[in-house]
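Quick one: structure below, then a few questions.
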Amino acid sequence: MSIVVDLRDAVVVFNGFPALAEASIEVQRGEIVLLQGPNGAGKTTLLRACAGLLPIVRGEASVLGVDLCVDRQSVRPRVGLLGHANGLFADLTIRENVLFWAQMVGASEAEVVSTLQRFGIDGRLAEQKVMQLSAGQKRRCALACLVVRRAELWLLDEPHAGLDASARDEIDAIIREACAAGATVLIASHELERARGLATRSVSVIAGRVVS
Amino acid sequence: MEAQTFTARVATPTTRLVGAMALVSMAWVVIGGLFVTPRDVDQGDAVRIMYVHVPTAWVAYLAFIVTAVASACWLLSRKHSMGFDRVAGASAEVGVVFMAMTLLSGSLWGRITWGSYWAWDPRLTTTAFLLVTYIGYLAVRGLGGSLEQRARRSAVIALLAVLEIPLVHFSVLMWRSLHQKASVLSGDGDIKMDGSMLTTLLVGVIGFTLTFTWLVLHRQRVLAMQDAMQMTQLDAALRERANESENKSVIESSRLK
Amino acid sequence: MSTQLSLGRIARAVAAKDLRIELRSRVVINQIFPFAGLVMVMFAFALDNDDVLTRVAGGLVWLATLFSLIIIIQRSFAVDSADGALEAQRVAGLNPAGIFVGKALAVMVQLVTLEIMLFFAAVVLYRVELHSDGAVLLVTCVISATAGLSFVGTLYGGLTAGARGRETLLPLLMLPVVAPVLIGATRATESAFMSGGAAVSDGWPWVGVLVVFAAVFGLGGILSFGSLIEE
Amino acid sequence: MSTQLSLGRIARAVAAKDLRIELRSRVVINQIFPFAGLVMVMFAFALDNDDVLTRVAGGLVWLATLFSLIIIIQRSFAVDSADGALEAQRVAGLNPAGIFVGKALAVMVQLVTLEIMLFFAAVVLYRVELHSDGAVLLVTCVISATAGLSFVGTLYGGLTAGARGRETLLPLLMLPVVAPVLIGATRATESAFMSGGAAVSDGWPWVGVLVVFAAVFGLGGILSFGSLIEE
Amino acid sequence: MSIVVDLRDAVVVFNGFPALAEASIEVQRGEIVLLQGPNGAGKTTLLRACAGLLPIVRGEASVLGVDLCVDRQSVRPRVGLLGHANGLFADLTIRENVLFWAQMVGASEAEVVSTLQRFGIDGRLAEQKVMQLSAGQKRRCALACLVVRRAELWLLDEPHAGLDASARDEIDAIIREACAAGATVLIASHELERARGLATRSVSVIAGRVVS
């Protein structure tokens, strides 16, 4: 039960193109694994497959003990995915966005406030509509929504992109804390230096395969 | 995914038998419909359209019900066997063709008896809606995504769409209508029709049902082969990507010093 | 650890979110309402005959509602899928039945408001007379028809949301399915208006049809919404 | 060094791009056409009277065209503004008149195809009879009305494109402006159909109105599109 | 005439919020200037203002000798902006997207082909619809569209975000080439190390002002 992600020769296909081509990876609880690799290698696809979003057409995949070939739904409440898109409601304010997700998992309002503070989007910014934010402020808000959900497995697709140095430090600290509390983290990133400092292990994704 | 064993042969003795029986009964309908049965007192020779119009309508209903049943089987079966999904798809395709034939023959008939191709009549309109609904169903099947997702999505639509059939059937009773009230399937057991006409109509229904069965059997096998072919193409694509991976690894490792 | 909420609470949160977005952006109020009003005026133009208008007023109100429904549904899902928020809800494993009920509720509120406005417009533009005898029938008809329309709309909206180009599939899928609502609601409304000498009591069987319709699609949506929004 | 092209070449490139996107995605052909067909069927259902139908067939064809125009325009600009490509064209300083003419041309091609289909549907569904006397009138009317509709649509489409929630503003702004086209085209078409005993010659003044309308909005668009798409 | 960008106390306002608050900056022809600064500081706003996209409500601004307070249009054909969004047509292929822009400036087909090659999006990828690409592949395509336009002033908003190492090297090389040929470049970026290596000068944007 300490193996959180276990893919064996997993294949994911888009319109006949195998974006994940017999990829195998095993991640233990508490690890922070960095996925590196060129553009179009399949990092995003791997993360989305682990979140139960994409059907595995061949091979085996189990996440948090759930076999994804049989059931892709039940694992989702326990997984948190930060994608290339932020997944925010543009007409709502930062606070309302984070509160929505907090409500969904029964997190308290105090927790919301402290998360907003950590990411530096409290005060005036918290009452600003998301569509009026800068790119980095939006990304911070997406991270805050993710953090209040307190998932067991964090799947972060380029979490550093668009953030300034202080926000990068903050998210790194939060990831370390979460891991210390028992969460597992997969990061896809092109900021290799920073991500390597954070990760406990790094693997390469190349042409749809995982290479150690 | 189920095991992929298939042969390139789509015809089997059973389908050949079904095909032969379909041919025979269709020939019977042609002869009976055109030469044996009498002309109608009011409608004259136009009544002969009935031997196409009515069976295609009923067999289209049957096709849509088969689609719904196969969809339900897919949803309920533990294994989610893709066979059910393919039967559902094949049956809906044939059903759409038959329903279109009903509309076509009906509007030709209408031109002769009512003097116009189309009238704003509940039966006619609901029939048109039913056809459009199943065209929509086929569009949903074509949305893309994985085979499993295609099956799941279209199964839901099929189960909802089949509810329209009673609407079409009972529409003549619910609204004032130009169209024939049910004269065969009226439920009171009192059939108002000449004996040879009734026989020919029944043979027509059997013939069209056999044709439907034959078409669905074949179509479903072709679909199975398409799905299987996707799998073989996947093998080739995987091999290609593996080569790419080897080249890339070399470049990548040389660059990552 | 994420504790999942009950269907009811998710539905409430989703509906509250959708309505808040609407109140904030005022798109439906400021733009779709006038659109529906314009559609009514356009009909009057195209038909250009007072007697015909009064007779078919019920049908026109529901036709205008239907066209507006399409836009309301598109808007409701555009708000979610613009930045991948619908996907985020899916990824988070929120109970899809809760999302379905919540979104349908929000659509229902908007639709009822719209219909009240359209009925007023019909009174003014088409010279329809409201009778106190028909009031109960009219209200029941509006509620059940609206429920049915919202459920169907949300169901197909979810199916067609997300992927590009699918938005335009929505009217194609939805219109034939809601035809019974159009017919039932039109006939019931005509009875309530007593147009063309219809009796109020004639309307009740149609309301029955509407209730059955709403129940079927409400249940269908709760059971199947999860599979439909799945990619 | 960026050398800027002539209006004509920009318009050609833009129109080619829009039509290629349509041919590739088939959204208009596969979904908007059936939608327009359904709208025709729905009208007939709501009116429920053969004589009225034949008499108002012309109006209904143009009403269905109008509803489809809204969707076609939304689609045409959604394709551009989804990822900021319209802004990119603006930033690049492409001659806005060229963009306007190009997009309007692409809309025109789609609209004419749609109208041909709708007239066929009117013949089959509404029992309209086409007369060879009216053919020239009908063709001229279709061409001038379509040009006018495309220009107005593109103009307001550009105005409302881009910013969120503005899509729904489009019908509101556009419908009152195209009302003259609706009326003119309807009257001209009725003359061409000779419905209700109208004479073909009655239609020509209306075509004149349509031509003036198209000219005004074509010119207006060429002159003002730049300021309209400006943020 | 060798001063390409000249802002003096320029103010840009969004809904009453001064995103650019009396910013002043002067850029000479041939420079590569890095704009650094925290999220929401106003870097994107500054770049968009220089492209003539935003009205300057106070202060002075001239770009390529054109006074932006008077005329924001005529400068645009000479400026190339890469924003946070890619500005691509999702239904067209990579090749068709780049060709569209090439046509607009009369660039030759050979040039398109060579640009695609440089960014590694030729061959199979060139015929793929943009909506089927990975995030980095889209970004590469956006860069290719920009490069064929051969602008005099390049405004790049986080050009490195989402790109892998080889694409980053490629865009850096292209920027250097363009500068050598007389173009001027402004880059907003959070990849400070890489961008500092590339830039000839770097300034900080903080709370809507430019600080050297």
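Chains: A, B, C, D and E, in written order; residue numbering restarts at 1 for each.
Heads up, the rule we're going with is that contacts are C-beta pairs under 8 Å (C-beta built on N, C-alpha and C of every residue); 3 or more make two chains touch, one makes a residue touch a chain.
Molecules present, by chain and UniProt name: A, B, E = Unannotated protein; C, D = Heme exporter protein B.
Here the structure is a predicted model, which means the values were calculated and not measured.
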| A-C or A-B - the one linked by more C-beta pairs in contact | A-C
| request: Give the label of the chain whose average Cα location is farthest from that of chain E. | output: B
| remark: Whole-Å distance, C-alpha centre of chain C to that of chain E, is 45
| message | Counting only Cα atoms for the centres, state how far chain B is from chain D in Å. | response | 36
| At what distance in angstrom does the C-alpha mean of chain E lie from that of chain A? | 29
| field | chain E residues counted as touching two or more neighbouring chains | value | 90-91, 165-166
| message | Using the touch definition from the top, which residues of chain D touch two or more other chains? | response | 25, 31, 34, 38, 45, 47-49, 82, 164-165
| request: At least two other chains touched by the same residue of chain B: list those residues. | output: 125, 129, 132, 135, 139, 144, 149
| request: Could you please specify the touching residues of chain D with respect to chain C in the complex? | output: 25, 27-28, 31-32, 34-35, 38, 42-43, 45-49, 52, 56, 59-60, 62-63, 66-67, 71, 75, 82, 164-165, 167-169, 171-172, 175-176, 179, 182-183, 186
| task | Report the residues of chain E in contact with chain D in the complex, numbered from low to high. | result | 51-54, 73-81, 83, 85-92, 96, 100-101, 103-106, 129, 145, 149-152
| said: Give the list of chain A residues in touch with chain B in this complex. | reply: 11, 13, 15-18, 21-22, 37-38, 41, 55, 57-58, 204, 206-209, 211
| task | In the complex, go through chain B and note every residue touching chain A. | result | 1, 144, 146, 148-149, 230, 233-234, 237-238, 241-242, 244-245, 248-249, 252
| query | Along chain B, where are the residues that touch chain D in the complex? | reply | 116-120, 125, 128-129, 132, 135, 139
